[in-house]
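Below: one structure in structure tokens.
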Amino acid sequence: MTEITQHYVDQFNAASAGLAGRGLPWLDDQRQAAIELFAKSGFPGQYEEDWRYTPLKPVIGKMLHVKVDSEIADTDISKDLITGLDAYRLVFVDGRFSPKYSDTSGLRDSIVMNSFEQSVVRNPELFTEAMRSEVPLSHGFAALNVAFSTDGYVIEVAENVKLDKPVEIIFIGVDSNLATQPRNIVHMGKSSQAIIIERYVSSKQTGAVVNSTSRITLDDSAKLGYYLVQTQANDASQITSVDVRQGRSSWFGCYTLTLGGQLVRNNLRVSLQEEGAHCDMLGLYNTGGKQHVDNHTTVVHAAPHCTSRELYKGVLDQRSRAVFHGRIKVEQGAQKTDASQSNNNLLLSSNAEVDTKPQLEIYADDVKCAHGATIGQMDQNSLFYLRSRGIDEQDARALLTFAFLNEVLDEIEVEPLRHSMESFLAERLLENA
Amino acid sequence: MDNKKLVMSNSEKDLAPMLQRDYAEGFVTDIDSETLPPGLDEDVIRTISEKKNEPEWMLRWRLEAFQRWLKMTPPRWAHLHHPPVDFQGISYYSAPKQKDLLDSLDEVDPKLLETYEKLGIPIDEQKMLAGVKVAVDAVFDSVSVATTFKQTLLDAGVIFFPISEALQEYPELVKQYLGSVVPSSDNFYAALNSAVFSDGSFVYIPKGVRCPMELSTYFRINEMNTGQFERTLIVAEEDSYVSYLEGCTAPMRDENQLHAAVVELVAMKGAEIKYSTVQNWYPGDENGKGGIYNFVTKRGACRGQGAKISWTQVETGSAITWKYPSVLLEGDDTIGEFYSVALTNNYQQADTGTKMIHIGKNSRSTIISKGISAGKGQNAYRGLVKVLKGAENARNYSQCDSLLMGDQCGAHTFPYMEVKNPSAVVEHEATTSRIGEDQLFYCRQRGLSEEDAVSMIVNGFCKEVFKELPMEFAVEAQKLLGISLEGSVG
Amino acid sequence: MLSIKNLHADIDGKPILKGVNLEVGTGEVHAIMGPNGSGKSTLANVLAGRDDYEVTRGSVEYRGMDLLDMKPEIRAREGLFLAFQYPVEIPGVTNMYLLKAAINSVRKHRGIEELDAREFLKLIKEKAAMVEMKQEFLYRSVNQGFSGGEKKRNEILQMALLEPHLSVLDETDSGLDIDALKIVAEGVNLLRSEQRSMVLVTHYQRLLDYIVPDYVHVLAGGRIIRSGGKELALELEKKGYGWVEDQAAA
């Protein structure tokens, strides 16, 4: 066992007895199996195909503390609120639920919205089979998260219920050098509808790491818009593992918007398990400094007549680096699949780097699958055109970059969120141009 | 869930058998051979080197490669499944009994001449059709048995020799370039080849010379339980040009046989090398029994400004194909091209593609890959486009299309793009399709049989690659896909 | 030439044709008109042998042969030509190659010597001129990147080349502007002869201004509900399909 693996195993052993939900057989079993797996496999290395482009030093190069106590630091979330966004809100400070900053007033009884810790302690019967299942422990990070299962959010929307406004979840980092382990669970009942905006912010430079997992289950005809918004400080890092299972005729729209963080690695896996399911996977990243953004997506077409569409666009400046690894897998029998995937990148600096790996793995013949990837620079003709119309070069660059990303921004359906992303980007692009 | 009903439509189940073909090249030549017993150790390598009367440095090079190989393990990343190869169960040298060096074709065993005649390979200069000038190096198991037009080519300054002979005649030239593009440490199979390679072709085109005819090497595996480990080295000096073709066949056998070749190309300033392959190794039977394991390392280096290397391959044979003909675009304004058709039927598996490494400024590369999967065949494209920091204005365009025939096969695309220069433009596109019922019906309504319609559509799909092949090979390639095709290509 | 008796056909178990009777004599031109969804295109496709359709009852005799017993390519080689409503695109296969393969498969079937490259080229140029098709289209992939009009013209070119005994033109006028329609119609008229029969399937009377039929039939609900001379088409134009449908129901 490496030193860093030992470091986390020791912390687990010390905290284990006091973790929330002790005594629940399913959770005890999961924790035990997960820590054993983690102790055995440790963290992934760059010799592994799935991690070859991901330098994990910012995450595993330092001994961080897993926060297991429930003490909550004081902070100010007002500057992190999105103007005009009317939403139910759950706030987690350093990975622990803070009722003080949260607001779920007016929420109907048919909707469960709570923290993982409170749910396992006070309401363990809530955890149905679907909600107990963890994300696949396909790498050490997922195993470590499940072993701790400290806190996170739990949302269950009952059959036919449509949420009247979005749910906003804010994870704010306050204390330095913590490794938080949020475990999130979402279950959408038949024909239910919701929008979840999961945001990661920092109150200051913290050097912290968030290692989150999210298990999302959509029953037949459910609809979920899921926004993962990463605007944390540029010395904070994050590994996310989101696993989605879709039922018949359900829709899952995933929007991954990454602007902050030092190393951000998003693992997204969507499984279209029954006929007629559709998913949209959109991603946007804009990086500078020494940021590293790594999106690993897999969509599995396990049933016939499902469709998926994926579009990730990124703009890289300075010494930053982006990785895109997209995989479409069409299983045998998944006929009439229609899947598309594209990844487009704009490189603004000679020190930036893009590694992209779009993949198709197809075992059925009556399918329509296409993918494409581009890496390029700003179109010099457009730039010249704008300048010839009197726009100065900096503004012209910012404008063209913005236009490039707009294809993804345009798809954000929550207007206040879109506006806030637009102004965040506009500000940054003008500043960097 | 029962998906079966949706899976089969009326005519698609009949498509795959149309790609079945008789393997006409599957015969065995009954000839006395000298074959080393199976197994590999330093003594075997010493024996091979001795038989070929090699210089001392060559033996040392082989032994070093062998020591490296011992420490390596076979690559596991490819999308391929096969039982482990027993490297001690293979014979590493087999040659038909004849004099080592022949002065004229008259001394070649008539059985060998007959073999090549049967395969349609012209090794008799006299019998060649007027106008069709192709020089042939015929490699039979571990040795070259005949090389045509050697003298004609020498008169033009072109060296086209079996590599074993080149080691005798031009040891310094071989020494200068051997392993300079594919070092013996490159990968498991390249290391193995470097230790045991037996024959192959050596081509040297001097400065400013346009090679007066197409060069080709024809590889034939005949003996049982032998592996073929050929080594080809082509050097094109400044402003020269050569077009080189290679073809391969083997008898039908129930055992898998190993073919692990290394091909190195060096193109200097302004030189152009066009390398075409029609690979038709025995693919195994319809139950996946037998067939060649084809593990090949091919790489070219565009060393000088404006050099160009173009790989074209039509891969229809082999039980397993593992090959990635690549180009190192070292000089400024260099060009790399890769055109590929790979067909997998029955239980065949292919994991093939290319690497384009952009190092020089304004370097350009094009990748066109067409994969056809039928039966239970698995076909993967794997490619890397890498733009290094100094490669200003590098350009790459890649297109990978897959055609699926039947619901038991697989088509996979694994492109890697690594770009470290902002002025680069790298584009990749891939699509997957099958032959449409409506296309088939349209052709049949015009009087074509279903077989002809399928052939025609498949060839249309491959057209962009076939048009890169020299005429004679294009025809052979089309025939290989089971098709008579005059006129639709070109 | 063609004798259709009580023809019933299904698609995916859903009945479309419900007892069609039609006699087409040698040299005659018949127009089959009808509202959308009446089964017009189904009839055309069943005649050509498309296997998405299942014939459940009835018979079709073509030049003394049992048409339903023949594979699509045999029907084609025996001189039955379908001009498609939506001509199919075939990437990478030149128009020229398809045409040569087609004409030679027909000739071979009929025991005529196959055309060599030179003879074929001469013939195709002649026919292309006849339908006013630019030669460059011959060298392009089949129907790929063709406009709607070009595709339809290409169908007529193929018809001219293959010289069928019976041509079935499925909505040849759809998607054409008036100039394109005139050119296509002219091509068809040039091919009219005493030995050749034609079945025009169309929704609109417009086409019949340019190709004047000998007989007009109205197909509705999977059956021919009325037949008449060319004047029937004009009456339909004025009164609409509702008129005959009501009459048939009455």
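Order as written gives the chain letters A, B and C; numbering starts at 1 within each chain.
Please note the rule applied: contacts are C-beta pairs under 8 Å (C-beta built on N, C-alpha and C of every residue); 3 or more make two chains touch, one makes a residue touch a chain.
Predicted, not measured: the structure shown is a model, and the values here were computed from it.
Colleague: On the document's contact criterion, could you list the chains that touch subunit B and likewise touch subunit C?
Modeller: Under the touch definition, subunit B and subunit C have no mutual neighbours whatsoever.
Colleague: Ranking chain pairs by contacts, what comes out on top?
Modeller: Result: the chain pair A-B has the most contacts.
Colleague: With centres defined from CA atoms, tell me which chain sits nearest the overall protein centre.
Modeller: Given all protein C-alpha atoms shown, the central chain works out to be B.
Colleague: Quick one: report the Å distance separating subunit B from subunit C, using the average Cα coordinate of each chain.
Modeller: Chain centres of subunit B and subunit C, defined by C-alpha means, are spaced 48 Å apart.
Colleague: What is the distance, in whole Å, between the centres of subunit A and subunit C, each centre taken as the mean of its C-alpha atoms?
Modeller: Whole-Å distance between the two chain centres: 57.
Colleague: Return the distance between the CA-based centres of subunit A and subunit B, expressed in whole Å.
Modeller: Chain centroid spacing, subunit A to subunit B, equals 44 Å.
Colleague: Residue numbers in subunit A touching 2 or more other chains?
Modeller: Residues: none.
Colleague: Please output the residue numbers of subunit B that touch at least 2 other chains, ranges allowed.
Modeller: Answer for subunit B, listing residues that touch two or more other chains: there are none.
Colleague: Over in the complex, which subunit A residues touch subunit B? Could you list them?
Modeller: Checking each residue of subunit A against subunit B gives 49, 274, 303-304, 332-336, 345, 347-350, 352-377.
Colleague: Which residues of subunit B touch subunit A in the complex?
Modeller: Going by the criterion above, the answer is residues 1, 3-4, 6-7, 9, 12, 77, 79, 387, 389, 402, 404-434.
Colleague: Please name which positions on subunit B make contact with subunit C in the complex.
Modeller: 10-11, 436-439, 441-450, 452, 456-457, 459-464, 486-488
Colleague: In the complex formed with subunit B, which residues of subunit C make contact?
Modeller: Of all residues in subunit C, those touching subunit B are 48-52, 71-73, 75-77, 81-82, 84, 86-94, 96-103, 105-106, 109, 117, 141, 158, 162.
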